[in-house]
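As written, the chains take the letters A, B, C, D, E and F, and residue 1 is the first residue of each chain.
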Amino acid sequence: MSGRLIAVINPNTTVSMTRTVVEAATAVAGPLTELIGITPLVGPATVETNADEVAGASAVLREIIHAENGPVTPDGYVIACFGDTGLAAAKESARGPVVGMTQAALMTAALVAEHFCIITMPRRTLAMSQRVVRDLGLEHRCTVRAVDEDVAAVADGSLHLLEQFLMQASAAVDDDHSEAIILGCAGLADLLVPLREALGVPVIEGVAAAVGQVEALLAQGLSTSRANTFAPVPSTTRFPR
Amino acid sequence: MSGRLIAVINPNTTVSMTRTVVEAATAVAGPLTELIGITPLVGPATVETNADEVAGASAVLREIIHAENGPVTPDGYVIACFGDTGLAAAKESARGPVVGMTQAALMTAALVAEHFCIITMPRRTLAMSQRVVRDLGLEHRCTVRAVDEDVAAVADGSLHLLEQFLMQASAAVDDDHSEAIILGCAGLADLLVPLREALGVPVIEGVAAAVGQVEALLAQGLSTSRANTFAPVPSTTRFPR
Amino acid sequence: MSGRLIAVINPNTTVSMTRTVVEAATAVAGPLTELIGITPLVGPATVETNADEVAGASAVLREIIHAENGPVTPDGYVIACFGDTGLAAAKESARGPVVGMTQAALMTAALVAEHFCIITMPRRTLAMSQRVVRDLGLEHRCTVRAVDEDVAAVADGSLHLLEQFLMQASAAVDDDHSEAIILGCAGLADLLVPLREALGVPVIEGVAAAVGQVEALLAQGLSTSRANTFAPVPSTTRFPR
Amino acid sequence: MSGRLIAVINPNTTVSMTRTVVEAATAVAGPLTELIGITPLVGPATVETNADEVAGASAVLREIIHAENGPVTPDGYVIACFGDTGLAAAKESARGPVVGMTQAALMTAALVAEHFCIITMPRRTLAMSQRVVRDLGLEHRCTVRAVDEDVAAVADGSLHLLEQFLMQASAAVDDDHSEAIILGCAGLADLLVPLREALGVPVIEGVAAAVGQVEALLAQGLSTSRANTFAPVPSTTRFPR
Amino acid sequence: MSGRLIAVINPNTTVSMTRTVVEAATAVAGPLTELIGITPLVGPATVETNADEVAGASAVLREIIHAENGPVTPDGYVIACFGDTGLAAAKESARGPVVGMTQAALMTAALVAEHFCIITMPRRTLAMSQRVVRDLGLEHRCTVRAVDEDVAAVADGSLHLLEQFLMQASAAVDDDHSEAIILGCAGLADLLVPLREALGVPVIEGVAAAVGQVEALLAQGLSTSRANTFAPVPSTTRFPR
Amino acid sequence: MSGRLIAVINPNTTVSMTRTVVEAATAVAGPLTELIGITPLVGPATVETNADEVAGASAVLREIIHAENGPVTPDGYVIACFGDTGLAAAKESARGPVVGMTQAALMTAALVAEHFCIITMPRRTLAMSQRVVRDLGLEHRCTVRAVDEDVAAVADGSLHLLEQFLMQASAAVDDDHSEAIILGCAGLADLLVPLREALGVPVIEGVAAAVGQVEALLAQGLSTSRANTFAPVPSTTRFPR
């Protein structure tokens, strides 16, 4: 079995966030996996608004098409932004599998807990998380709470938000009967250990979870179905236009 | 009561489609309403793939921001593409209300029928329609069927597809107990009358439905809530970036 | 385009409530619309109990049949009671479209907000609101709260209930993440402006919303489907019997 | 333990149907139960349209109030019409428990089968059945099919419809994986035995099922909760008005 | 009509609990019903963990097979453990109907209240209750709360837990709009009267409810469908193996 | 990073099936993973009936407790039976993570396809598959079809069933818009390649999928939450008892 290259695409242009998430994910990647981070040159600084989502989706798609046409095509991709920005178009355009960090985190939580809670950030992104939860049908097992800070606040680390996350996570455990916590933003990996220790329940970081999912799909020889929704784009269509 | 200007945004660059939908919608607009069509200069030729959706959402957002900063800001907007391309970002960025043709068609159908059916086009867009149906919670009342033709096929009229639409619509009435039919693509307005006559049930064209919804919102003095999901974009963010 | 006559049917016999709702709705009706209010001679004084709903549905149906057989048949109807009393039978019996204020308010809210809240009155009517919410499939976006006052309390205006409504509405915005508020009773129109100003989010009055929906249906040439659920009543059946 | 009186209310005025359903239910009632049939003097001849439902609900409510104020108040009630006409108001107005034949049939089916099917009649009543299914949350286990005959056709027996019911029931077993069949109309009791024999699966008649439910509630000393939705009607309200 | 024998199977080995539940159920059983309690010789002391559920299901199945092959086969069975331990296998293996106390309690509650609440015990069993609620589709009408005490605490009566149950039940009535309360554990029958008196709403004990359901099924001549899910076990299979 | 030991537990006693599934899973396991198969000495020959499920759950739990107390405790477990027999108790009793083949297959399918279909075997197990689908909330994306053959038929390979599986899978692709197929039984791995080639869509084998999920959980340092539903079993409880 030879090695495999997984690209972690950050839909925003903040290089420090890409570096953080790739570092965190590297710790959990398998021995045959090589991870590379991709930061778009053009795109939103962070993804917090619906306009950011549009810009982020364009950035993700542009980088995937670029990578697919490059000399070394990645075997699979992770989208490293909560809300799974641009996921459908990415799946359609990449030859290998593409997994979003939100869906991966939700599946991981569903394997280790009956009920769980996403703590997203900032509050205005609640609906983005809820959309992924509903797309997977997990509303009956997952609540969503928010820490109301800008994503920019975690560009250089998130430990200063520990107390706010702990407050929401404790409320989830006590009031929502949550048995696991999902970190609702890329760039929160340094909260993982302190939250686990303080709460005593699994805490899940979506990029790490997504790397595991891509590895599993590759091991099974699986990629996105081309039957209907993600059928190949006709050659007459080009992006960007 | 003074007049109101409603912009009908076509996410694709096919000018003939914009013209057709605006003409059809004009026939149903109120006496105080002035409709203008907006065709983006840059964007997908048609919206059929997930990549097209990303490109179309960018185009919609770009045109809305342009219009909002222009000399005569529209009072409201209609997104004239089945799937409601770019709707969330558009609502966030426009001062006035924004309504997608898919959601408007579904609401209209729910007012005149217990069960109804979307006939989308081509087949690969089934999931786009289903996403809007599920977002509104109407899965228990709405089925989705497809005519498997490219959107480009209707750039200059859709009457040549009448038989295919009639076949799907008849199956919906007979097998799904559908009591109304939704045309699942902009640019199908010329099928409206022949389908109504052949089927004897309401047939709904979403752009016309959406114009009515925008008019109703404006009459009530309502626009998108700024409380959370569609809060104003911070001034430090710009699009395109 | 000629004028259209829309009848606003109050299922209860309280004339002052009919007058209030018609006045409020007139302010939002289009220039071609003429509104008339219908107050049944026989019926419940207010609709608060399930028995009231039965009596109110009879009243609505009786008035519709009377109007349909009168010299000037309305082009469409609004049912001006939260819970949409008698809606199914009304749709079946009227030639033109019939819209309930509850369904119209919910659709309007869904266009301007991701999450929203009905504040109904009194508390015993919670289930009536929830039934309409579930019929439309909007449970994932709509909560229902109650102010526990009799409907009779608003026969001559509702401003004295402002504080109670404000308390529930604020709780909805803070705790349910509601982004818009629906007034859960006809006869609350004078709360519209003070609540909007105090809350800073859209506040929706269902009769106004329903007038807009009827206008939109008429403009599109649409009425209730006769295919199945609302097929014409066989001529051998008469009401009242 | 003394005897108990259960009234079976037929919302329509067809005396032969009341007689048939009471006879069939008597065969399954317990030794302490006395059944009486109530046929309203005023009401619809059969319940097939939405207008019939309104008229039938009035009839049910009128008969319940009459019985509650009579010399011998029934201990409980069964509503003998598919769709459970007037159920909410009946529960609110009767001191004892009230059970609809549709809800009782669905609960019974859920106890003996994983999936089941209602065969309603005529086709235009599909939505009435679906409303009860959805109210109980059983959409994932119950399909609804129709035999398109008028209810009047079974006023004097239903054996002439056996073949049509058998055709739908067989399709349910084969195509929907149904494991039990619910007779979707009062007055079909004579189909019970031939359908059971032909199909080899449980066939459920709702009036019999509802009698069993009322007996069980009475044995447990339970009646409708007065806490909120079915709180007593204020004495100032009277029906009919 | 001759008598019928209903076996109440306690999945755990605590004889005092069997005695208590049978006594309570006897008070509500019909005059033709004879109840016998079955306590397995081998099985869990109480059912609180998921491992207990497995052991309890084995015990239930073993006792049913034993009873089915005994000299006097019961006409029907009640499973007297919240969570309905072993229900599917029991239905498959018994000739007569089998009803779980949880499903029976939920159906009973749905007949007398719009919204209701299970108070389970201990807290770790929340998911077991929720599974039955979801299996019946009643999530929109039922909440689940917990008193966090071991089941062993009620082996000799539950009155010492009255205050804890009252606190949860009151919160359900006030905050969840619950209109009835379901006792979420076998062996709580002595809480029935004091809770009813304190709360003024129906309080439901599942074993009593289940006896009523079995009686109703027997009266209708119904047992588990053999069509698919509960088809007879092939004779080559034996349990235990 | 050191090696990890994953135990694949076959709930039935058919050794040839254990061997087949372990062989197939080995082909996809990572280089650090060592797989061992566990076949219970006592248990059902195959899992097809509800009684088999009870016996199989006992077998799984017994083997897990045995393994946990053995000299070399596995780092994680896979349950190799469609329906995920005994999963909840297994998660509660094992220190490491436990993943069922059904849930893993569903998550895998949700990553590569919008809609997908389980083909289970035999037909009487439809409800077992549907229970897992509903537990994960994927009803809106997953259909279930059946090939009506006994599990024993595949004890020595499944290629003779290719045509039957192909017929159901083709119907799923054409009629249900399925974009991927899930093999609904352990022991069907040799159908994987011929079905993929014939259908041109992803075909998913659950044991392989589950091994990937356990590897991913282990890489993230995650195991079952002990917060509530899967809290440790009190030491006073033993299994078997």
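Simple rule for what comes next: a residue touches a chain if its C-beta (ideal position, glycine included) is under 8 Å from a C-beta of that chain, and two chains touch if they have at least 3 such contacts.
The structure displayed is predicted, hence computed values, not measured ones.
K.L.:
Rounded to the nearest 5 degrees, what is the angle of the rotation relating the C-alpha atoms of chain B to those of chain F?
P.N.:
So the copies are related by a turn of 120 degrees.
K.L.:
Could you grab the centroid distance between chain B and chain D? Build each centroid from C-alpha atoms only and quote it in angstrom.
P.N.:
About 43 Å separates the centre of chain B from that of chain D.
K.L.:
Could you tell me the distance, in whole angstrom, between the mean C-alpha positions of chain A and chain D?
P.N.:
52
K.L.:
Roughly how far is chain E from chain F, going centre to centre by Cα mean, in whole Å?
P.N.:
30
K.L.:
Going by the touch rule set out above, which residues of chain F reach two or more other chains?
P.N.:
Only 114-115, 123, 126-127, 134, 139-140, 177, 228-230 qualify.
K.L.:
Going by the touch rule stated at the top, which chains touch which?
P.N.:
By the stated definition, chains touch in these pairs: A-B, A-C, A-E, A-F, B-C, B-D, B-F, C-D, C-E, D-E, D-F, E-F.
K.L.:
Looking at the complex, which residues from chain D come into contact with chain C?
P.N.:
By the definition above, chain D touches chain C via 13, 42-45, 49-55, 57-58, 61, 86, 88-89, 91-93, 123-124, 126-127, 131, 134-135, 228-231, 233-234, 237, 239-241.
K.L.:
Using the touch definition up top, name the residues of chain A that touch chain E in the complex.
P.N.:
114-115, 140, 177
K.L.:
For the complex, which residues does chain E have touching chain A?
P.N.:
123, 126-127, 130, 134, 139
K.L.:
Write out the stretch or stretches of chain D touching chain E in their complex.
P.N.:
Residues 1, 28-32, 97, 99, 103, 107-108, 110-115, 136-141, 173, 177-180, 200-202, 204-205, 208-209, 212-213, 215-217, 219-230.
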